[in-house]
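Same chain, two partners: chain A is paired with chain B first, then with chain C.
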Partner chain A sequence: MGRYWRTLRRFWSTALAVQLEYQANVLIELLAVAMSLSGSLFLLSLFYGPDQTLGGWSWAQALMVQGLYTVFDGMASTWLRPNLGAIVTHVREGTLDFVLLKPIDSQFWLSLRTLSPAGLPEIGLGLGLLAWGSLQAGVVLTIPSLCIVLVMLLAGGLILYSLWFLIAATSIWFVKTWNATEVLRALLASGRYPLNAYPPALRVLFTFVLPVAFLTTIPAKVLLDSAGTPMLLAGLGLAVVFFAAARSFWLFALRFYTSASS
Partner chain B sequence: MIQVDGLNKIYRVAEKQPGFAGTLRHFVRRRTRDVMAVQDVSFSIEPGEMVGFLGANGAGKTTTLKMLCGLIHPSGGRVEVAGFSPQRRQADFLRRITLVMGQKQQLLWDLPPMDSLRVNAAVYGIPEAVAQRRIRDLADLLELGEELSRPVRKLSLGQRMKAELLAALLHEPEVLFLDEPTLGLDVNAQARVRQFLAEYNRRTGATVLLTSHYMADITALCPRVLLIHQGRLFHDGPLEGLAEQLAPEREVRLELESPGEPEALAGFGRIERMEGCEVRLLVPRDQLTEVVAQLLERFPVRDLDVTDPPIEELIGGLFRQGRV
Partner chain C sequence: MRIFGLNRRIIRVLLGSQYAHMLEYRAEIALWALSGVLPFIMLSIWSGSEARSGLGLDGVALDRYFLSAYLVRQFSVVWVVYAFEEDALLGRLSPYLLQPLHPLWRYVAAHLGEQLTRLPFAALIAAVFFAVQPATFWLPSPGGFLLAWLATWLAFAIAFLFQSLIATLCFWSEKASALERLQFIPFVFLSGLLAPLSAFPPVVRAWAQWTPFPYLIDFPARVLAGQSVDLMAGFGAQLAWIAVLLPLVLVLWRAGVRRYSAMGA
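After this line comes the complex of A and B, so read on.
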């Protein structure tokens, strides 16, 4: 375990060093985040007049959902895209061989090799928006409710990671994952509005098939006390199931890779 | 150290006719064909040996190498390396081997090699102080200095390859698999890499299996050679004899002041190609000095270069002549 921890520290310190090689990039990404967030807030505000609601969600409540979405989007830019996006390149250029020959778990390496700190402010912004929305919506923030938020964020992160990793792992067969991850990102974007804003058919899809609802709407509901512990547990259970699926699919894909690659 | 018995690898490849119609047909009814990449290959390598692995492109060298380090599962036969079955890729096995690929790199492009080396030290669980000492020792041997703290993208190909070797050897593997480690390097850099490998082998007693396109690599390093052709092992033995057998002639490239006359040149060797002022002649090894002296005397030579023909051509020639 100590070795994995030391490796992780090395991974991230080198990742940071790479980022700092390109100073301008960091600034540009920060700017892009600020623009994108203000853009989506503006869009959201168009749905709301004074005293109006969207599918039963008030402006403040919708801001909570938007905040949660921003946190996950930040997670995607900081952690998921840089790492899982590189899997395709590893397969295409054959450098996956180097990863597979290291005495360390290959999924660990591929999932945590790098970090893009430019996404961190987005996570911060998202958390701020969530807190602000919660206060406006009259949520009483207590230690237990903060713990619940944390658990839901972790579960949501794990679900998102697992989905993304599943798609990235298919690159072993298709080499080019035809921007499938972009489709996933678009789906994630559907989580920026409360679930009730969508037609019933899509609601079912977002809850059970591609559980975007568990990333944003349901955590917000849990905070607002309109969905209780069962939903929290369902989210956790789903996270475990998805992670197990991603893990076993990776092991299966590797069996295929090692018997077919040249 | 390495034991290979009746090794086979079959690839299933899809056959597709060119053009749109072919694509459609391929989509509806996929026809596949089995390709024997490696057939019934057996050999064994003792600890500390340096063995050259020769063969044309597509002969099955890389496939065999990858089966030996566990990247590809064999379709049949038995492989044992350092007492392990490679395909299980146990951590203890991976700590004992290394793979260097001339056309692929593991170093981080944007960072100095030192950063990649630190990552490798952590991955292999090498204590900091030990890693520092090994890096120093290997860097001395490789004549690497401040290059280790310059971003990889700013290094020359030769420097990069040396840094790659350092990264691949940091965990002191017992078995080295080297796939074209000198690919694309200039003559000096090639020689330095060769010197290093010989010295490393002498100091550590590591077992080395090396493939190369350059005959000089093999002659300088490997007393024993495995020759593979179309997936089959054709020769396993000392290099002596094989070198002359493989390359009884050397290639002389001439650039003349004015277009040469084929008749005038024919007496000096076999004319491979003749295009205007440029001539490629194949000259028997034992007559080389004499022929070169005469060429310089008789013809207005602007430039002259003597090389070994590429291994590909040599081996191709060998098989055409049915000498193997």
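After this line comes the complex of A and C, so read on.
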């Protein structure tokens, strides 16, 4: 355990050192995040006239959902895209061999090897938006409710990671699944809006099949009416199930890995 | 006889080889087609929202608008900057420059080949859409279809020229594709892909009309969906943007090639 912890620290400090070589990228990233967040807020505002709600959610409440989505989007660009996006390249170029030969768990290496700090401002902005929305919606923040949100965020992050990793792992068979993660990203964009804004059939889809609801809508709901213990447990349970699925799928997929050109 | 370095044989060979190339990647292209589902997600939100009444798209008109927006987007996707950047970085551009054919034509052919590969997948998604919501089914009149086709084509031309402009900046800077990312954000929000332009507040709409974005999705989609649009103004704006962009691209390209010193120099 201690070895993994030390390795992780080494991984991330080198990743940071590498990124510091490209400081202009951080500025561009910052500009892109600011632009796309203002665009999303503009788009959201189109649904709100005087006395209008979106699926029963007020403007402030919808801002909370948008904030949570921004946090997860930032998480994806800081952590998931740089790491899991590289799996496809490893499989295609045969460098996965080197990863498998290392005396460390391959999933650990592939999932946490690097970190892109350019996505961190987005996480910060998302948290800020969440806090602002909660304040406007009249949420009373207590220590327990903050803990619950933190747990929901972790559970959501784990679900997102597992989904992404599951798709990336299919590259062992199909090699080029880079676009499949694009499909996932497109579908995840549905998490920008409260679940109730969707027609019933899609609500079912986004809750049970592709659990986007557990990333944004349900954490916001838990914050809004603190009667969220069952939902919290459901979110945690789902996260564990998804993670176990990703883990066992990876071990299964590795049995079919035959390296490049063989 | 060659016009802009092209004759019929060159066109046939270019298109044929690029289509065969793209056909090899059909699974990937199918996934790209699928990853464009955002207009459908937005449709499902718009159709149940209270703000819908302000759109001026009643009944099936809204469904048709978003399906059209999806289709227009599928046939005006442009990725020339990424292809060009890779070719320039790997030095593949040098042999292209030696050929008596403007290298941009090669990319145009690649895009057209890809569009042809996309066609069955886009048609399949449209068929699924109609199967789920049979009430929205419509077939544009031949004249209307021709106009929509032309508008989509012009939209593709604007997007292609705009991105080529960014691509030529690769001759000067390595950050050109970051510029593409930055221009993509206003494109997504102002083009009509996520919300029809009639949803915008009047000030924003008036302002957006001066950017090329509404002519990339909103205008062709409305033509395809069979709504009454000001055809003269729309086509006029599209042609005006092409007239602005085309000379710019050619001038910058010429200046860039003069600067270009291939790999490692």
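Heads up, the rule we're going with is that the second predicted complex is superposed on the first by the 255 of 262 C-alpha atoms of A that agree within 3 Å, B and C clash if a C-alpha of one lies under 4 Å from a C-alpha of the other, contacts with A are read in each partner's own complex, and residues count from 1 in each chain.
Going forward, a residue touches a chain if its C-beta (ideal position, glycine included) is under 8 Å from a C-beta of that chain, and two chains touch if they have at least 3 such contacts.
Owing to the predicted nature of the structure, the values given are computational and were not obtained by experimental measurement.
In the overlay built on the shared chain, the residue A:Asp97 is in contact with chain B alone; chain C does not reach it. Chain A is touched at more residues by one of its partners, and among chain B and chain C that partner is C. On chain A, the surface touched by chain B in one complex and the surface touched by chain C in the other have no residue in common. Touching chain A in their complex are the following residues of chain C: 27-28, 31-32, 34-38, 41, 44-45, 47-51, 54, 175, 178, 181-182, 185-186, 188-189, 194-195, 199-200, 204.
For chain A in complex with chain C, the touching residues are 24-25, 28, 31-32, 35-36, 39-40, 42-43, 46-49, 52-55, 174, 176, 178-180, 182-183, 185-187, 189-190, 193, 197-199, 202. Every residue of chain B that touches chain A in the complex is listed here, in rising order: 11, 37, 62-63, 66, 69-73, 87, 89, 91-92, 94-95, 97-99, 101, 104-106, 108, 110-111, 115-116, 118-125, 151. On the side of chain A, the complex with chain B involves touching residues 3, 6-7, 9-11, 14, 17-18, 21-22, 93-95, 97-98, 100-104, 109, 258-262.
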